[in-house]
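Two complexes follow with chain A in common, the first pairing it with chain B and the second with chain C.
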Partner chain A sequence: MATYTYTPVPDQGAKAGVLAYLVVSCVVLLLMMLFGLLMRMEQAQMISIGALWFYKIMTLHGAGMVGIVALAGAAIMWHFLRQYVDLSTGIFMANLILFLTGVVMILASVLLGDFHAAWTFLFPLPSTSMGMWSPGAAALFMGGLLVIGVGFVLLHLDIARAIISRYGGLGRGLGWPQLFGPDDGNAPPPAVVASTMVTIVNLVGLVAGASILVMMLVNLYVPSFEIDPLLAKGMIYFFGHVFINAVIYMAVIAVYEILPRYTQRPWKSNKVFLASWTASTIMVMFIFPHHLLMDYAFPKWFLIMGHIIGYLNTFPILIVTGYGAMMIVYRSGIRWDMCSRLLFVSLFGWAVGAMPAFIDGTITVNYVMHNTLWVPGHFHTYLLLGMVAMVFGFMYYLTKPNENAPDSALDIAAFWGFVIGTLGFTMSFLYSGKISAPRRYAEHLPEWVPYDKIASYFVILLIASVLVFIFRFLTRLGLASRDYQRASLARSMAT
Partner chain B sequence: MIGSLSHHSGRSALALGAFYLLLATPIARDWLEASMSRHMLVQMPLLVVIGIIAARLVPVRVQDSLLIRFGGAWPCVIAAMFASSYWMLPRALDAALTDPWAEVAKFITLPFLVGFPLVLAWRRLTLIGRGFVWTNFFSMLAVLGWLYIVAPVRVCNSYLVNDQENAGWYMVIASVLLFFWWLGTLLVGGGVGPDKPDQGGSGGTFA
Partner chain C sequence: MQETAWQVSLVLMLMITFGVVFVAINSGKREEEYGPLVKRAYSFRTKLFWAVALVFFPAMIYNLFDLPYSAKAVAGSGPAQVINVTGHMWYWEMDRDQVEPNQPVDIRVTSADVNHGFGIYDPDLHLIAQTQAMPGYTNVIHITFPREGTYRVLCMEYCGVAHHNMMTEIKVGKS
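And now, the complex of A and B:
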């Protein structure tokens, strides 16, 4: 039986590359939030930008948010993983350059080419625009996604190389010898286990995504090469769902790495932890059919699989992480600051945000709820109050002036503004879903407008809070690259 | 020991040469080229494999000097990608059946411009390089298979549409199986390749 004791590790400053990732993330995240606000205000009839701009902004908001949370998650993963394995800075920067190239292509496609077929680019919409955009604009959008995907493939190949070199295989990176044999206490740390899982699932997802993107590019210019729309939808959702799921698995590394520094208790890579990550490695690749439950033409077994695995996959990592965090924090004498607050609340956001998806993953509920604002309610909760809170927690950790530095009243107010703003905004989504307000509609019926207005006010509160977070990060950026004690030691440990 | 190794290599080379000639016989060619699936997915890969084995029979120091003469790993990979891409074109398949010189070119280029340079390069590629080649190959094989399945016309004059569809499905299936094989090698830790490009490596694994 392995015993686990906490071994203090020094808080390392971030490499310039990590900071470049985070600065880009701040800028794009804020811009995408403003786009989101514009959409809600349009639905609330507070402004009038018109349907064309609504769908253009919706396309940018969707693609931009998926991309930028992946970038921010990659920064967290890379920062901590490189403390265990030898990662290539060149590949890390190549990914950023490819990402920015892809972003420029997507921006040009939408802003100059009027492409507005949503980030899901579902076949055959990109090639049947009825004159709303040119094939060139659609190709630029899909080409941009392809370029971003190539960058992430390179990043994950480098991570795979580094983990295999250090541990001898991705199976060992997942801790299989300790999971299936005696637990000798030498399982890889949680950061390595999570990175291994993300690398496996993202490589599979990105290869599928690259394939469907190339197929659609061929079809765009030679329409006689037809694509089965169901196959296309399946491949797009497989790639998209795996990719967006993976971002929270990258970001949760901040929780695994930082909370133990505050409480001076180890985050154990025990059998339960390893089993949950291995189970999710497999299940996360099979849950996407819960987005396809309304496509009755899919084989029944496929949809039932989505239902069952959707139920099963909701829990392993979430419970292991949530329970683990509570055990680490319980009676530890933790000193709450902006970083520890945000990381802890992120687990609440993740847990709460997963529940609407769990409910929507039930076939009979899905028939009624899936095309309503219920679904944006789900993913905005778990991404904003879960994943994005982890990113801001990480930023506060990097830029904390010293371990005893107090938080200003403005920061604390921003924290509560962030929590309340997100909850109010996402609850408005969920309630709108309950009253059957459809998703992706530029214009809303008068009965739905009050909830859109309420949502807009909460979004303004949320953006104001995020502005404080970003301002604090950017003004303290000089501290982020230095090595010094950041985490406030638990009261029982502090001298 | 060295003598026995050389003897062993000599016999292997002889067997390989015999197999190469066997593939070139009219009977083998007729049978393998009678169907698109056998032509693309049996004969052509076998020719590449002959190039791979031939390269492995060459002493390592000769491989190294050849690699330097060819300009390093990436020129070899790019040459292999271009040569293999050419033989994916339906027109090239037709030409191999109707023009004897094209058939000769196929028998020369697939072993010596695809298999051989890939082995030379492989020893110097890290997992990133190998992974890039593999992931590109899997996704492109699947897309090519799809193109053959959904093509509205007969892409080769020499083969029927149903043969073309079969070949397409085999390509899709092969790409999926190969992808999971490759992923499996990463999970159990085989075929890592050198950690740094300049560290050499055994080149004994494909993954």
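And now, the complex of A and C:
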């Protein structure tokens, strides 16, 4: 039964492991953003690093960003999930160690071995280098990805174990008894539902990704072990799509957990919420053909499935999670601080980025926009202004000195710099896609250069803002592990 | 098509922006009783769901009628002119580079090494068609060039250090 009374939950400090995840995230995120700026400036002809370095940086930027947002998302998920189930700190730390090991392998592969086959490692490019890198460099890169993947498999297996142990099964973690039966009000909280979904899809996605990586590693040294390039592409995009999408579903737990503390309103796992998460579990796994719409060799039904699910997938984002956040904030008396601002704007970023994304998944649109800058335009919107905003919101939450601590003018300026910088940068991407500029080009034709220049200035604004966020987090790190009231309580009409 | 995608995206993004700004502006004064507000919000959400469904579902179906995978939708008359294309690192091999306008063309695309993307740009540098060039597979673009001119071909799938230089041309008509 639905009740709308909020039961206060004490704010808990973060474990050392969560803080280690977040500190690593800050460092790598900033470095990858600087790499992104270098690429845009190269396309804008503001610097000259050459094609080889452009593609090496592009490979690092892709792999680094995917990995680091997954790490940051896992930190958020683990922090809140452990307040409901019994998670292993050892496995959580093992994932970090494996991650860092993988990062070193990838850095060595690219910086020392000149590997630059992009993070998508499409078969057979890693083994067909035209003498630009050695099989050893390719093996080091794919091995690095594999090591990182193994870490996340271990983490998700531990989460699955903990949820099954506490709730009796993954179906129960998704709230299926309440979804398909009477809603007794005992469905797991949103953090558990989201973690269950992420665990299911990521385990399936990671197994597919690890399988193709192992196949390609064998092929690298035993070419007679042949791989169908179309099968390889399908497996890579299945893994890649699931893994990068899962990061948003991990990070949104911060919104589910923190916004209710600010608004003093509950975020309920009701039937609509549960239905939407079960639908998302299925759709995230079956939407991936929208990456393959220009591979005519796939069966037509498979490609049409990608088109249809692309449209359906917008419903849970817009109608359930996005709308839910609006509902909880509307006439709530919420006190805006850096945390609540960033979490609120993150839902905006997610929803607004999903629009050009589903349009790109329309087959007739994809025919003239696939692999143009339209694609990084939409995914940078929902990852940067969506997922990464959730991460920074979480960091501000952990390090807020007390519930009434005011924000400095610098932080507020950085918030607006972040929003304007991201929107300016992503809209430049989208406009470049509209005028058909291809993605992943080290050199742009003169017609495309003006928009690259505009984008570069917005990226500089964005990075300057992120520097403030990171500086604030690192200088207040000592506060993050303590248990005390952080969230500012909503204004009451009576006060 | 790109113009439509851009305009539809802008309209949808602006509608979301208005909704978010409206909520932010109306977040200051607290309505203590959340239950009645939730009931009103759920009622509005049902309407919103149907409004979105009524726009999205017809759009989703409508856009399935003109898929590029078959020759049926191609305009023009006469037998198809055929171009056989093979992508190599880092050049395009084509058995002809001149076709007639207003007459169907079948462009049969494959690759000799890694994944490439065969993207056709019109004389105004707008992407008008593409398919992936896959080793071991042949994808066919069915197209009718509506006007004479020089159409550029660019690689649309990252294929290594000279990916951005992998360009060629198709001449349509006598030009």
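Rule of thumb we're sticking to: the second predicted complex is superposed on the first by the 487 of 495 C-alpha atoms of A that agree within 3 Å, B and C clash if a C-alpha of one lies under 4 Å from a C-alpha of the other, contacts with A are read in each partner's own complex, and residues count from 1 in each chain.
Just so we're on the same page, contacts are C-beta pairs under 8 Å (C-beta built on N, C-alpha and C of every residue); 3 or more make two chains touch, one makes a residue touch a chain.
Everything numeric here is computed off the predicted structure, so don't read it as measured data.
Novice: Put the two structures on top of each other at chain A: do chain B and chain C fit, or clash?
Specialist: Chain B/chain C on chain A - fit side by side.
Novice: If we overlay the two complexes on their shared chain A, which of chain B and chain C does A:Leu31 touch? Say first, second, both or neither.
Specialist: neither
Novice: When the two structures are overlaid on chain A, which partner does A:Ala117 contact: first (chain B), second (chain C), both, or neither?
Specialist: second
Novice: Determine how wide the angle is at the CA centre of chain A between the CA centres of chain C and chain B, giving a multiple of 10 degrees.
Specialist: With chain A as the vertex, chain B and chain C sit 100 degrees apart.
Novice: Once the structures are superposed on A, label A:Ile227 by its partner contacts, choosing first (chain B), second (chain C), both or neither.
Specialist: In the superposed model, A:Ile227 contacts chain B only, not chain C.
Novice: Please work out whether A:Ile164 is in contact with chain B alone, chain C alone, both, or neither, and reply first, second, both or neither.
Specialist: A:Ile164: touches chain B, not chain C.
Novice: For A:Leu52, decide between first (touching chain B), second (touching chain C), both and neither.
Specialist: After superposing on A, A:Leu52 lies in contact with chain C but is clear of chain B.
Novice: Once the shared chain is lined up, is A:Leu107 touching chain B (first), chain C (second), both, or neither of them?
Specialist: neither
Novice: In the three-chain superposition, say which chain, chain B or chain C, touches more residues of chain A.
Specialist: Comparing touch counts on chain A for chain B and chain C gives C.
Novice: For the combined overlay, can you note the least CA distance between chain B and chain C, rounded to whole Å?
Specialist: 14
Novice: In the superposed view, which residues of chain A touch chain B and also chain C?
Specialist: Common interface on chain A, chain B vs chain C: nothing in common.
Novice: Quick one: which bits of chain A touch chain B in the complex? Just the residue numbers, please.
Specialist: So the residues of chain A in touch with chain B come to 86, 88, 91, 153-154, 157-158, 160-161, 164-165, 167-172, 200, 203-204, 206-207, 210-211, 214-215, 218, 224-227.
Novice: Flag every residue of chain B that touches chain A in the complex, lowest number first.
Specialist: Against chain A, chain B makes touches at 126-128, 131-132, 135, 138-140, 142-143, 146-147, 150-153, 179, 183, 186-190, 192-193, 195.
Novice: Which part of chain A faces chain C closely enough to touch in the complex?
Specialist: Listed in rising order, the residues are 2, 4-6, 51-52, 55, 116-118, 120, 122, 124-125, 128-130, 132, 228-230, 233, 265-266, 294-297, 300, 303-304, 307-308, 311, 314-315, 318-319, 322-323, 326-327, 329-334, 336, 344, 347-348, 351-352, 355-356, 359-360, 362-365, 367-372, 374, 430-431, 433-436, 438, 440-443, 445, 447, 490-494.
Novice: Using the touch definition up top, name the residues of chain C that touch chain A in the complex.
Specialist: Contacts found on chain C: 1-3, 5-6, 8-9, 12-13, 16-17, 19-20, 23-24, 26-32, 34-35, 37-38, 41, 45, 48-49, 52-53, 56-57, 59-60, 63-64, 66-69, 89, 113-115, 117, 119, 121, 125-132, 134-140, 154-165.
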